[in-house]
Structure formats: C-alpha cells, structure tokens
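Both complexes below contain chain A, partnered by chain B and then by chain C.
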Partner chain A sequence: MPPQNHSKTSFSKRLILNFKKHAIVYVFLIPILIHFAIFYLYPIGFSLYITFMKWSIIGEAEFVGLQNWINIFSDELAWKAIRNTVLFSLYFIVPTMALGLALALLINQGNKGSAVFKGVFFLPVVTSFVVISAIWAWLFRGTEDGLVNVLLQSVGIETQLFLSSSAQALIVLAGLSIFKVCGSTMIYYYAGLQSIPEEYYEAARIDGANRWKIFWKITFPLLLPIHFYVAIITSIGSFQIFDSAFLLTSGGPNYSTTTIVYYLYHQGFTSLRLGYASVLAYVLFFIIFGLSLIQKRYFGREVDYK
Partner chain B sequence: MQKSARWTYIPLVGIALCFIIPFLIMVFGSLLKMKIPTGNPLLWFSEEVTLDNFAYILKNADFIKWIFNSTVITVIPVFAQMFFAAVLGYIFAKKEFPFKNLIFWAMMAVIMLPSQLLIIPRYIMFSEFGWINTYLPLIVPEIWGILGVFFVKQYMQTLPKDLEEAARIDGAGDFTIFFKIMLPLSKPVIATVGTFAFISNWNDLLTPLIFTTSQDMYPVTVGLASLLTKEGNFGVEMAGSLLSFIPTFLIFLFFQRYFVKGIALSGLK
Partner chain C sequence: MGFKKIGLLFMVLILTFTMAACSEDSESTGGKVDKNSSATLTVWVHPFVGEDLKDKQKEVFDNMAASFKKEYPNVKVKFEEIPWANREQKLLTALAADQGPDVFYLIPDIMAQFADQGVLTPITDLLGDDWDKSDFEESSIESVTYKNEMYGLPILREVQTYIYNTKILKEIGGDPNNLPETWEEFDELAQKAKDKGYFGRSFEGGATANATLYPLVWQSGGDVISKDGKVLINNKDGLEAFERIQKWYKEDMIPKDSINTIDHFTPFVEGKIMAVWGAGLTVSSLKEKGFKDYVIGPPLKQEKMATFGTTGMFVVPSNSKHKELAAQLVAEMTSKESSEAFNSLTKFIPARKSATAIYDGDKDMAKMTEYVQYASPGVIHPVARVVMPTIQAELQAMMEGSKSPKEAADAVAKAIKDEMGK
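== the complex of A and B ==
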C-alpha cells in the first residue's frame, strides 16, 4: 500500500537525516561508551566479584564467600594500615593547608616577581614522587653524614634515625608530601583571595583595622568555602598515599609506613591475594566515598568553577 | 591588600630557597664525583666536577629504553586525550541526544572513583588479554579522561551560540563546525588538558609498576625506582633523577600558566 510505503521511506529518510544531524555523536560517543564499559564499568563490577574469591592469578579462582570481608576484621596489619593512613593525614592536611594559605597570602601582596615565586612553589607539584623521593632519601639519611642530620648537629641536636625510625618515618613521609603538594593548595587559596572584593579591605582600613585583624575578621572567614574544599581534596589525596611509602621505606620500619594503598599493593602483588586486596580497595573506596559525600553535602552548592 | 609590601620578600625568598635547594642538590649531586654525599655541604665545593654519572647512566642501555618507554606511554595518551576531550566536550556542550546528562554524570561518577579500585580487576583482565609487559595497559585505558571532557565542555558552553548558527546557515555540518570553529577557539583549554595528561602519565608509578615486570618495559619512574633500591650511588641516582625530571620541567616552563589555571579550575591533586 502506498501510504505504508511512504511512511517507510520517510522513516529511513528520517533515520539518515537524524544520523547526519548527530553524526559526530555516533562516530565518537559510541566507541567511547564501549571503551568506558570495557575499561571502567566492567572492572568495577568485576572487582566486587573478586572480593568473594580466593584468587592468586596463577591458580584457579576459588569461591570463598564473605571470607575475605570477614578476614579484614581480624587482620591486625590491615587495622595498622588504616591507622597509619589516618595518622599520615593528621600530619599532612593541616600543615599543607597552612603553608598553602601562607604562600598564597605572600604572593598576593603584589610583589614584583610573584609569578616566579608562584612557579618555584608549584614546581614540586609537577615533579614525580620518584625524583623527590630520591633526593629526600639522601636528605633524611638516618646516619651522621645525612644532610639534615649535619644541619641538626650544627645547632646541637643529636643524630636522628628519620626513615629507619618507626616513630619518625611517617612524619618524614608527610613532610615530603607537604613539600610536594602545598603548591597546588597555594593555587586554590590564591584563586580564593583574588575573588575577595577589594572594597572589604578598604572599608576595614578606613575603620582602622590592622593587618592581623583584617586577616582574621575578613580574609580567613571569607575563605571558608576554600578551606573546606582544600581540606577534602587533600584528605582524599592523603588516603591514597603510596609512592613515597613504596620508594623510601617499603612500608617499614616495623610496618610504621604501611598505608592502605601500600598494604593493598603488597597483598595483591607480592602475596598474590587478589581477593583480599580487592576488599582493601573497597575499604579505601568507602573512606573516600564518605569524604566525597561530606564534600557534596556541605560544599556541593558552593563549588564555583570559574 | 596593600600594593608591594616589601617585608614579604623576606619570607618569600626564605621559603623559595627551601623549595629550590632539593632541586639544586639534584643538579650538583649529578655533577659531582662522589658515591655518597659528604655530610657537610661546604665540602661539596672541593669535589671534582664530572659528567661521568651521566655517561654511566646513558651507557646503561636500559635507561635510554626507559625514557623511550615513558615517551611512548605519555605522548600517545596526551594527544588522544586532547582530541577526545575536545570532541566529547563539544558533544556534551553543544549537541542534544537521548540520555545525555545521564551518560555524562555516570562517566563522571565512575571515573572519579579511587583508581586503586580498578587495579586488581584490570590486572586480571590484562593478564588474560596477554597485555602484561606491553605498552597496551598503559596506553589503551588512558586514551580519554572525564576531567578533560569536563574542562572542554565547561569552556565550550560559554562560547556564543551565534557562531554555530551562522555556520549552520551556511550549510556546515557538525564536523566542519567542530574542526573549523570549536577546535581553534578552544586551544587554551585543550592545552590545559594536554599538560595535565603529560604530567600525570610521565610521573605515574603505581600503574606501570604493576603492568610491567620486565626491565626493558619499565618507564623511567619504575626504572629509576629500581635504580634507587640497588644502585646506592648518589651521583648516578641524581643523574637519573635529573634526566627524568628535565621533560617535566620543560613542559612546566612552557605551559605553567595553563597548569595554574587548570589546577584552580579542576580541584584535582
């Protein structure tokens, strides 16, 4: 029948027209969606499946139910890894924020050459952990001829063990991370400082407020969204710390620098307990997910992508 | 704030020195003929200056191979990421199609999960694919990233609609509009995406540590890490560090303003 025929051609015509109109969507989005499914969606689902398996990659996978999930509660080292990671965050987050804010305030003074200083403070951010760790290893050698020890001796402080001391190693690693990332914290704060209207400062100065008062009554509170944002970002980063623990201390001494990701790596790729390592990955995920929720809850509406 | 507060130069210079000294130690360390640095830095000035450390490390054929490997697993993803960020950014910013927002936010959510969650399933997958000790696991998953797409999308949304409409009236299709109008206008944001991709791929340690087990497949991060554990020679380690640092440093010098803008924009790292 002609009408049917007519609608048929118009359908295929519409299909072609529709394809032409959206050609770029089909040509590029569909392959990327397939890529997304293979390299992200599938592994995410697969990782949950692995947590129920005993799997060492060499042998066959064996279904063990919730055993891996139960094991973690009685695994002292897992708890120690979580504790170490939390401790690391405590050593790391506040100093990184304080130093980042201080640097941002300094370069925001309109000094000549502030772009150069910004570059210098930012340089470690783009340098690999491997390079910085190589230097740090020699700076913090726990022997008399370690460079930092020589400096300490010259002011009368005795030789420290640093990376070979279970009380100090984690602090040295935190120091390394502070050096590595405070430049990016500085940039967030710098962007925040630039968005504070100059009139506020002028008004305060007319009222006779001094620098200190201006900082605590105007600058600091107006940066509240940035404080919160930076706190979340740095804590998410600190829970994923791995490189320096792997390079400088291999988790030691006495497991004092075994962080969650280091322990995950060790369980998965040294002990070949892939199922158990996947549970550790989920522990990390739950922690970071929790942090992200806090971020969304208290900060989501205020994120301002300029 | 007050313009040009002179006193701030004192802390600025002081802190800047603390930041530069580790890098200076790397440069001097690589040039001095000593296996273990003498504790007293003043003694360094009496040390012999030499290029032996570089000669040693370059004669060690693996090191050149490591740099080459790093280049392969960095350059290909960088260009792929720039391209896909541009085209997907355009698609999500300017095109209408079913489930657009759902797809975009699903991608955002999944890729923002901690990457450690992907390592073990991907290790099992790639073992079965026979990809271990090839470039593939370090390149194929890295050909696009949602953050770059997000950047470009945000940027293109601010471009006026008139540009596109005028071109459409002249009979231009999506591809013409993308390549002739959107792409040239988005150069700065695409450069941001590229610089970020370069630094993160060149510096990555954990992923290649897992997916490469043979020495001649190491990128320079893993190679250098292996050098650190076995060499015990300060000069050689610093020479290796310096050589692996130079590409990062050059990219940093050329694209510094993009980094700073990108960091402030992205909230990453």
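== the complex of A and C ==
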C-alpha cells in the first residue's frame, strides 16, 4: 500500500467529508456548543483575564500584571481559608461516604421498612439548605436552652458554644453538610450494591464466610467505582462549601469557618476586588483538579466483576 | 479637497463636539430638567416593613410616583423590591451589566465605599437650589456627603439604644423612670440582673460593629477613623470599649453566644435579658408580639453620650441614563410628605425637621426622636465596610480569650491601615 498523503489539503478534504457525513449531528450540537461557549468558556476565560486586573466590577479595570497572583502568598487570611476548607473536607468526606454506605447496606437488606427508610434518609437532600440551616441553628444554639445542649446537660456534659466556638463551629457545619448530602451518597451506594452479582455472595456463604468477611472481601472492593465517584463529588462539594458558612456563621467566629468560596465572595462583593477574587477561584480550581487527579490515580482503577 | 475646505470641515467637527460636550455638561448641572422629558425610572427599594404591611409600603411608594408624575407626566416610575440579603452583590452585578436601577437605597458607610469606587453620581449640582436644604437635619446631610459632594438625600434616621424589660427592672430594684446614663450605672444594674439569673444586655457579635463596638468607642470619647483619616480605634478611648466588652463577656453580663449570634431579641422577649439593644423597629416588633413590659432608656456615656443610628438615603448610580430626572425623583421621594408617609409606616425618624411631628402622639418614638441627636451614622470612609469582618473576628478572638483587648484593638487598627494602603 503506498504511503498515505497527510497533506493539509487532504486533511481539510477529509474534514469536510466528515462534516458532510455527520452534518445533522453537528447541527443538533450547535445549541449546546453555543450554551457551553457563552456560559462556561467565556466566564472561564474572562475570569482569567480579570486575575490580571484591579477591577471593582463597575468602571474601568486597571492592568496590574501578576500582582493579584503574588498577593495571595502574603495573604494570611487566604491561607487560613484554604486550611479551613481542607479541614472541612476532612470532617466531611469520609463520614459522608461511611454513613452513605451504612445507610445503603441498611436499605439493601430488602426489609419491609426499606422503602420508608429510603424516603426518610433522602428527605434532607431535597429540603432547602436554608431550611436545614435554620433547623441546625436552632439545634446547636450555644446557650443552655439549645436543644443539643439540653440533651448534653441531661447526661452531665456542660453547655457547649457550638457555632459560637472557633474550635467547634466548623465541625457543626460539617455535620450539617453530612446530614444534607448523605442521602444522595446512600442512593449511589445502593445502586452499586444492586449491581453486585448475587452468586458471589452465595459462593462466599457456601465457603462459610461470615457477614464481616463478605463485606470486606466482596462488597467493599466491588464498590470501588462508586467509592471513586462518591469521593470525587464529595470532595468537589466540600471544597466549594459556602452556604452554611454564609447562613450560620458569616465565616466566624474569628474566621474559623471562612472557607475559600466564602473568602472569595467577600473579596469580590464586599471589598470589591474582583481580580483577587478571581485568583482565589483559580486557586480553588487547581486544588480540586489536583485532588481529582490524585483520586483517579489511586482509586480510579477498572473493576471487573467477572 | 483644498486645505481651506479641510480646515473648515475640521473646525465644524471641533465645534460640533465642543457643543455636544457643553450640552452634556449643562444637562448635568443646575437641576433644571425639561418637565416634558420622557423616561422610565427604576427604583430599587427593600422590605422596610414586615409582610403584613407590605401593601401599605407599596402604597407609600406608589404615592411618591404619582406625585412625581404630576411634575413629569411623561416619566414612568417603576418600584422594584429587592431583599435585604446580599443587596450589595445584586446591585453591583446589575449595575455592571447596565441593568441596574436609576435610584436605590443606601446607608452612609456603604455610600462612601461606592462613591469612592465611582458607582454613584454626585447629586449636589443635579438637585438645583429648590430642594429645601434647610429643612434637613445638618447631621443627616453630613451623612450623605463624601468629599464635599452629596451622593443622595436622606429619607430616614435611626437611633439605637437600650430597651429595658420593666418586669426585670422591678424585680432587681431598678427604676424604669430613672434608667442608667453612664457605664458604671449600667454595670451596677446589670450585676443585679445577673445575680437574679438574667443577662444584663444583648450583644449580637454577628452584627456589624455599628451595633456592637462603635457606640462604646464613641461613648468613651474615641473614634474609629478621624476626619483627617487617622486610625484612632486602638487609642486609650478605643481600647476602653474593647475592655468593656471583654468584661461583660467574662462576667456573664451578656450571653455566652454573644460571640457571633445575630439574634438576642428572642431571649429578650422570653424574659432572659434585662436590656436589648435596639431601635424603633425593635419597639414595633415588641408591640406586634404584644410585649408591653418595656421602657426605652438613653444611650450611655462614659465621656459623652453617643450611639449609632443609620441614615438611610436614596442615591443615583453613575451609569443611570437619566441622572437628572433620577435626582429630581430622589428629591420627591424625600419631600416632607413622602418622608412623613414613609417614616410613619416604617417607624424610622424622618431626616426632615418638619416631618418629625409625626411622632408627637407616640411616646416611644418621641423618645427615640429625642435621642437621635446623639446618633452617628457610622464611619464614613471607603474602607469602613471592608474592615467590618476583621473587627468582628478580632472581637470574637478577644471574647474567646485568644487575644487581649489591646491585641485585638491593635489588630483592628492594623487591618484598617492596611486596607487604606491598598
């Protein structure tokens, strides 16, 4: 066979032919491509552009080069916000996954009440964050008459400050997020559990494996793709935490719940430093991107059931 | 084309541009607006009253529009209600997208920041001479002025002070007719309240420093930033305010969640706190709840009697396409009649002297009106709003015990200076 000519002309010809062949597909893709370009590509590009600007959202932007990027290294509060976000993730990711898996195992047993439990555990997912935050604020009032404090006092534990304590506020916020999210994690794990072939369990039982061994040797490893997926989405969610810090603690006390997104919001819309806020957004992007790569490297292995 | 013709054409162009520029200039000064101008003016207002009075608030604004329409029959005024939450974000994004209002509501510390960023139009010249300046309280005009330019006209004033629970007062031997006027007198009473199991006062550490730290700084004779831009908050007087808050917290005069709560009204109504820090709206809320055992006390003094009380104003953004008309609308919205209607409904104090008579028959609001002379509208400086979270955080760190009052005050002063330098 003579060597193929990969000149520009032949390439463009092939492209045109290809385009003609699939023209109808491209036509249907146009709306989504336009949507993608306007609502994703343009904002991403524009926010990168304003990282090099001093801009208060109104009026002219002033070019400041890499100054906004350099400023972040000396901004103690930015580092504190990153530290708080990482801490929040630690408090949030593993408990959410563990609780989601535990609830999925519970409803997977197929008992009479499974359907009811499925609904009950999923309820917080579809409830407004504002409503749940209000309930949480009521539960964790840092006074003697806060409901959780009343319960603690009944078992001899002294009144806790909860949302008014630098040491506890972030943990309470993580608890709120776990409560809000673990219902959807449960559904992912439940779907994963349903897809594990029953004959594996039968074989294990015939071999005399107990429940604990079955869980660790069959269920847990075969859920690896679900672990990976859930780890990715909970990590991304945890790094973008904003609502609870905004609604319940306003980033306090003493900046203990100031997360990256909360700080970004404050820089952008209170201090009117859109350029610096955009740098923070890119820092957040790099963190999430790096984390996702690490997770893919270690947990993203293919799983073969057969 | 010869040089002469080119020169002539050039001259004509220059003249045309110059005249256009002049006409633009003349439009933005003097306050003379063609009464037959046609436009649609959008005004962003907020829910100044509760849900039950929403219709009445709409009526007040509709009347302002109707009144304006008498003067400018071809102008349509459209009122849109924006929630209080995140209003700055909503405003800025809308204005940046050229979708914002022609008139909106603002308070002095945000006004200074927005004016500094070029978000607002100075309306000093746009108003003309016949806006009845002498009828406005001088302090309220100062509150809307930044760098010798007026950026709005005030519609309301407020005064924050102590509202005492008379049942608790009687129980601890206090006299509702002879309430504390100094820090020492207050602390003495608060100690008695504490001995009986109550808290002395509310302290909503999650609120801005306007309602927590600043009144104490002013009462002790200090200031946050001087008029010539010097940071004073960590001097002897300022430090005294930090120390007072720490003392109250350490000695349980204020609830433990004072660090960052934003609601001590509920425990006050439940009868757990002797005095709540509030304004006219607080009194309205108490009345709504049928709570009758209260009495309004004076703002305290250490060196001088002082307190916080905002001044609400209507302003015109710099990218309004109808600045002159918008300025005239602001004048209409803050007229005597409009002020009376608005403040009667919302229980604020009118910024116009002639309108304060609305509270002649209301002993509570009359008292608030009496105290308004001691109220300052906050710190009028571009960084005032920006440093609020830092002040809150430093106060919180101090109350938690991780910083001394001196360290907290110094950190606040440093943060203000840093912001000024940016």
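By definition in this document, the second predicted complex is superposed on the first by the 252 of 306 C-alpha atoms of A that agree within 3 Å, B and C clash if a C-alpha of one lies under 4 Å from a C-alpha of the other, contacts with A are read in each partner's own complex, and residues count from 1 in each chain.
One rule holds for everything that comes next: a residue touches a chain if its C-beta (ideal position, glycine included) is under 8 Å from a C-beta of that chain, and two chains touch if they have at least 3 such contacts.
Just so it is clear, the structure is predicted and the values come from calculations on it, not from any experiment.
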Q: Using the overlay on chain A, decide if chain B and chain C clash or can fit next to each other.
A: clash
Q: Report for A:V155: first if it touches chain B alone, second if chain C alone, otherwise both or neither.
A: neither
Q) On chain A, which partner touches more residues: chain B or chain C? A) B
Q. In the superposed arrangement, which partner chain does A:I206 touch: chain B (first), chain C (second), both, or neither?
A. neither
Q. Once the shared chain is lined up, is A:F269 touching chain B (first), chain C (second), both, or neither of them?
A. both
(Q) Quick check for you: in the superposed arrangement, does A:G59 touch first (chain B), second (chain C), both or neither? (A) second
**Q.** Contacts of A:N111 with chain B and chain C, given as first, second, both or neither
**A.** first
Q: Identify which of the listed stretches of chain B (109-117, 127-135, 145-153 or 199-207) has C-alpha atoms clashing with chain C after the superposition.
A: 127-135
Q.
Counting contacts the way the document defines them, which residues of chain A are shared by the two interfaces, the one with chain B and the one with chain C?
A. 57, 265, 269
Q) Which of the residues in chain A come into contact with chain B in the complex? A) 20-25, 28-29, 32-33, 35-36, 39-44, 46-47, 50, 55, 57, 102-103, 106-112, 117-139, 144-147, 149-150, 179, 181, 184, 187-188, 190-191, 201, 229, 233, 237, 240, 242-243, 246-247, 261, 264-265, 268-269, 274, 277-278, 281-282, 284-285, 288, 292, 303, 305-306
Q) Which residues, counting only chain A, touch chain C once they are in their complex? A) 56-59, 141-143, 159, 161, 163-166, 249-255, 265-266, 269-272
Q. Along chain C, where are the residues that touch chain A in the complex?
A. 86, 88-89, 92-93, 95-96, 113, 117-119, 205-206, 255-262, 267, 318-319, 385-386, 388-389, 392-394, 396-397, 400, 402
Q | Residues on chain B engaged by chain A in the complex (per definition of touch) | A | 1-5, 8-9, 11-12, 15-16, 19-20, 22-23, 25-26, 29, 36-41, 84, 87-88, 90-91, 95, 97, 103, 107, 110-114, 116-125, 127, 140-141, 143-144, 154, 173-175, 178, 199, 202-203, 205-206, 209-210, 221, 224-225, 228, 234, 237-238, 240-241, 244-245, 248-249, 251-252, 256, 259-260, 263-265, 267-269
